[in-house]
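A single structure is presented below for examination.
Chain nomenclature is as follows: A, B, C and D, assigned in order of appearance, with residue numbering initiated at 1 for each chain independently.
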Amino acid sequence: MIDYRSDNTGRAAPEILDAMVRANTGTALGYGADEWTARLQERFGELFETKVRVFPVATGTAANALALAASSPSWGLVYCSEAAHINTSEANAAGFFGGGLKLAPIAGKDGRIDPDAFARTLAAIQPGQLHRGQPAAVNLTQASDLGTVYVLDDIRAIADVAKTRGLKVHMDGARFANALARLGCSPAEMSWRAGVDILSFGVTKNGGALCDAIVVFTPELADGLAVQLRRAGQVWSKMRFASAQLMAYIEHGLWLNLAAASNAAAARIAGGIAGLPGLRLVAPVEVNEIFLELPTGVMDAIERDGFQFYRRSATLARFVCRFDTSEAEADALVAALRRHCAGPADTVPARAAE
Amino acid sequence: MIDYRSDNTGRAAPEILDAMVRANTGTALGYGADEWTARLQERFGELFETKVRVFPVATGTAANALALAASSPSWGLVYCSEAAHINTSEANAAGFFGGGLKLAPIAGKDGRIDPDAFARTLAAIQPGQLHRGQPAAVNLTQASDLGTVYVLDDIRAIADVAKTRGLKVHMDGARFANALARLGCSPAEMSWRAGVDILSFGVTKNGGALCDAIVVFTPELADGLAVQLRRAGQVWSKMRFASAQLMAYIEHGLWLNLAAASNAAAARIAGGIAGLPGLRLVAPVEVNEIFLELPTGVMDAIERDGFQFYRRSATLARFVCRFDTSEAEADALVAALRRHCAGPADTVPARAAE
Amino acid sequence: MIDYRSDNTGRAAPEILDAMVRANTGTALGYGADEWTARLQERFGELFETKVRVFPVATGTAANALALAASSPSWGLVYCSEAAHINTSEANAAGFFGGGLKLAPIAGKDGRIDPDAFARTLAAIQPGQLHRGQPAAVNLTQASDLGTVYVLDDIRAIADVAKTRGLKVHMDGARFANALARLGCSPAEMSWRAGVDILSFGVTKNGGALCDAIVVFTPELADGLAVQLRRAGQVWSKMRFASAQLMAYIEHGLWLNLAAASNAAAARIAGGIAGLPGLRLVAPVEVNEIFLELPTGVMDAIERDGFQFYRRSATLARFVCRFDTSEAEADALVAALRRHCAGPADTVPARAAE
Amino acid sequence: MIDYRSDNTGRAAPEILDAMVRANTGTALGYGADEWTARLQERFGELFETKVRVFPVATGTAANALALAASSPSWGLVYCSEAAHINTSEANAAGFFGGGLKLAPIAGKDGRIDPDAFARTLAAIQPGQLHRGQPAAVNLTQASDLGTVYVLDDIRAIADVAKTRGLKVHMDGARFANALARLGCSPAEMSWRAGVDILSFGVTKNGGALCDAIVVFTPELADGLAVQLRRAGQVWSKMRFASAQLMAYIEHGLWLNLAAASNAAAARIAGGIAGLPGLRLVAPVEVNEIFLELPTGVMDAIERDGFQFYRRSATLARFVCRFDTSEAEADALVAALRRHCAGPADTVPARAAE
């Protein structure tokens, strides 16, 4: 069996678990008042080249929902892509933690918000108009939920539209490292320098275990968030075990190496299937996800071949590469797709057994 | 320095971190659809001698608040001890996750609810009376926030009062193992057999790392809770790392051994200081916590001696033992208290240096 | 000036204010325990030919949001038309009172939900699938926000889809009387007999003053709602003044007479402009609202002529008739539209002065 | 029957209903964009001698809860008297609208907060301490829920304590006019000049019908509140009928005349029963409420005599005077109490029939 179901079906990077084991010594104050968490603040400050507040949290859903709740009054409208994870997959956690805030989808291409569509939407709401709620924030998923990235100009364009109306900018960086590895820019460039106020810093999908984080660039968002996190049950009393994971994740470039590896596996697959008849990439493969339109028969066939993946619909399959997806595994998927797409899958059972 | 500040300043039991490392192999479905979590359900069913639903969560605050939210409509009143952790230390997480439910303190002794006071309070609210909100649930902290335990008859008495009015019974078992070790009864006896509907199953304070759990005995509370947990950002995508911790915690009696050790250390200290003039136990020492009324001067003195502990007020100190508190550490505290309480602390600096 | 802006810019029916004045005698128990409110329950029971619970509330937004909160857990999905008032104009009150429930728009024609589209949407969500939230209720606006009505078969079809998945059916009856007058059926046929569980019973838009109501057909929704209303600040202590308004509204057919009058005015206008070049009815005129696509120049021209109306966009105008819109006022609008649509408005200023 | 049950069992002042009838002419923009509501802002500005924002709302519960929600983040602590209406009688509306804020009772005398107790409570919470939630606001009930008033120095003392920690000051003025009539000061002196940021301006208990108001003195609280009110279903589309009530209430001193009348009736009763054996005033009678400790037998006896009142407990009765309580009604109650308290009530049935 070769597993392409998700980046969360995979292992943790051993370095991250090692760091937990190493942190298991002596006593330390609870709830983040420990030395590990203090050092975490410093290290992330260096990493992002500015003073930040870093809050470890259990999950990406917690990171997103609490970051948005910090960015919006409870009567706020939060703009996002129709495909955004906060809109499709988090059971409306943002609406819940935000006290009833509302998500407002904006059109765009390949899972991204289109800056012009965003500007037009805002222009249609007069300041002082109350009956729809108040525009409060915009959410960008970087990389997007279709495996594409916003280039820096895109981020800036959206942030500019937001800032002219006083909206906050939240980046859902569940695959922040993958996007960073793709763009080859600095963490600062892809976040606060492009206008991001607050970031969901994803770790789990890129080799983490039980911990993601919120990184706050705009200081006035942090103090309230600190209380919200406590109230949300997201402040571990033995925080050192979370902070140690986050430290290990960014030390010695581990996070970028992991992301580069999963990106490379996806690129290898995308390259291998380019031009094959009978399949269609739904969006460019820019990080570690591949969205393929395939005949149902082909999906059935590669499943019989031992590949695991998610069916988003009868004709849409998603393949996700992880940091430990090997070249051999990538090549195996390419070979299988080549076999089954060469002709009508259902008519060539013999080749499926090759 | 000898640390008596809290049971959350301590290390994790090495077995628990080992379990995480061992779980780091192969791929597994996300969000609790993995084999570790499936086995967890079975093992807890055996442990509690009934079918249960077990939900790993990040913190005890999350466990309490979400368990209560599952037990009460948003307009509910949840009765608890004035000293209850949910009332004093969780930033009103129960009120938040419960959509505005209200905590209603009930009088009692040594951090416990008095069953008669509870009955009288309920009797004073007519069914159909709306303006106070609706009685919905009762919360017991076992062991209590003053380090005492409810004996089984107490639990049953409170549960009986609750059940006659249709209220749910929630046990905050942040120190469930410590209470169990004290009472020497079975997990079933101290929970559902005594009328408990839903349990916050504490791990962190007794050698855990990053994971507690909610155990549901009353099935109709579980389905909604499952969605709430997702929405609360409490469902790890790599859940196996949490479930593995919980499994290790209860295997081979680890949890009870850890609790017995911290209880024994506290009992050793309590025995050693019995009858000393100038100090007063605020409540009987029944688990791993010691609440002492002490002159400020004595607090200052033992702090200078290298002991760490929390001051709850100018005259109230709390000492908490952990599973790895040694007999030597216990004896050292006893000796220091004996020194400083033999005479007026401020006048005997010479003896403080003994 | 002739006002077609909204049905809420108008006067109250004098009978309704008279009823308040007549209720201003003697003393009466507060919070709905008075005789007026008791009789209200009986009278609405007769009106709807079944036992109901009637709760007077201040506004239609309160009626909708609290009815939906009673119909859905806080993690619920509530389906509605994209054009539904709860989705476009109530500042996400449903999301707020519902503790974070989420509105999910369904496609359809003329402001209505399409039953087949609704069925397909539900079919795509597996029971037990948690990450989107849980399907909980469906909202129908009767008459719709584009001035059309659901015929009884439509309501039944949508309710059937809902019931097979255990969803509750809420009708936003802000213009319930207008729809009833249009269909010529009984209140029972258009509500619970067609599958409606809970109804926002609109009064304000049809000659009311300060009071609408929630009518509950499905008894288990009522008890919790009663507490929610108290907590929502929607239970007047001098409730008799609200109940008296509601009684007057339905006595002697007042409500249907008022609705028939506003419907007739709209029909008169629609008839008068049928076939005019340069304008287009966006939806059939079935109650008291007319949505017209018009050149901006024509809008400017009729505004100069003294007509007040709302511009929904540069080319979409809404005209609303009230119970006291006279035939002369209707004819005046027809005449003005005829004038300005006969030729390019901007080029015929002379005719605008006719 | 003579009704002393509550000030909300009574009639509305006819002037207030007349004002509604007079407002029923012509058309007016909805949701508060009408001329009545514009004039209301001006008139209240004159009344309070400063620029204010006035928001009509349906009930006092709505006024309190929304004013507090505007004054506190959702993780806030709101201090109040144990006896405060928000704490005992509003089904935790403040906790609900405040997104989970928590009420924290403060000790005091006669239904009031003691400024020193308040200062001590705040001093015990360190800034930056997160686990209890954050001190955010204080609520004063003026007149108090035991029928006493805060003198201006009391209000200032509490406001001073609040302001030094950045807390907002909310006054629950359900009986604002009664307190004002008692103190003989100006509305400004009893509100913003004494440090009040936001006021629940009560009308209903003093001759109103269906409308109270929130008056905002601290401008930054108003904009968010305006959206919250819309979302709370508290913004009537035909707002003129509410604003007209509020205008009539304060015109020509009506409100103070009404309050003076009910205060005078209570004072007459209190004077008449002074020194009677067998009864005890629980608190000084300073406005229109009388709290009496009485033997159960006396309560039964005066009930048989035809008096209606509320029993707060087996020995505590509350009598409330209204603006239309006559001197004869007051004297009748005095006479009845004199009769039944002269000797053991149960032994003198003959006198009860006098």
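Convention: contacts are C-beta pairs under 8 Å (C-beta built on N, C-alpha and C of every residue); 3 or more make two chains touch, one makes a residue touch a chain.
Only a predicted model underlies this, so the values are computations on that prediction, with no experimental measurement involved.
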Give me the set of chains touching chain A intersected with the set touching chain B. C, D
With chain centres defined as mean CA positions, report which chain is farthest from chain B. C
Let me have the rounded angstrom distance from the C-alpha centre of chain C over to the C-alpha centre of chain D, please. 35
In whole angstrom, how far does the Cα centroid of chain B sit from the Cα centroid of chain D? 41
I'd like to verify one number: the distance from the centre of chain A to the centre of chain D, where each centre is the average of its C-alpha atoms, in whole angstrom. 52
Would you please write down the residue numbers of chain B that are in contact with two or more other chains? 31, 74-75, 90-92, 96-97, 99-100, 130-131, 133, 227, 230-231
Residues of chain D touching chain C in the complex: 3, 5-6, 8-12, 14, 17, 20-21, 24-31, 57-66, 90-93, 96-97, 204-205, 208-211, 227, 230-238, 241-242, 308
Partner chain A, residues of chain D touching it in the complex: 31, 73-75, 99-100, 130-131, 133-134, 224, 226-228, 230-231
Hey, which residues of chain A end up touching chain C in the complex? 74-75, 88-92, 95-103, 130-133
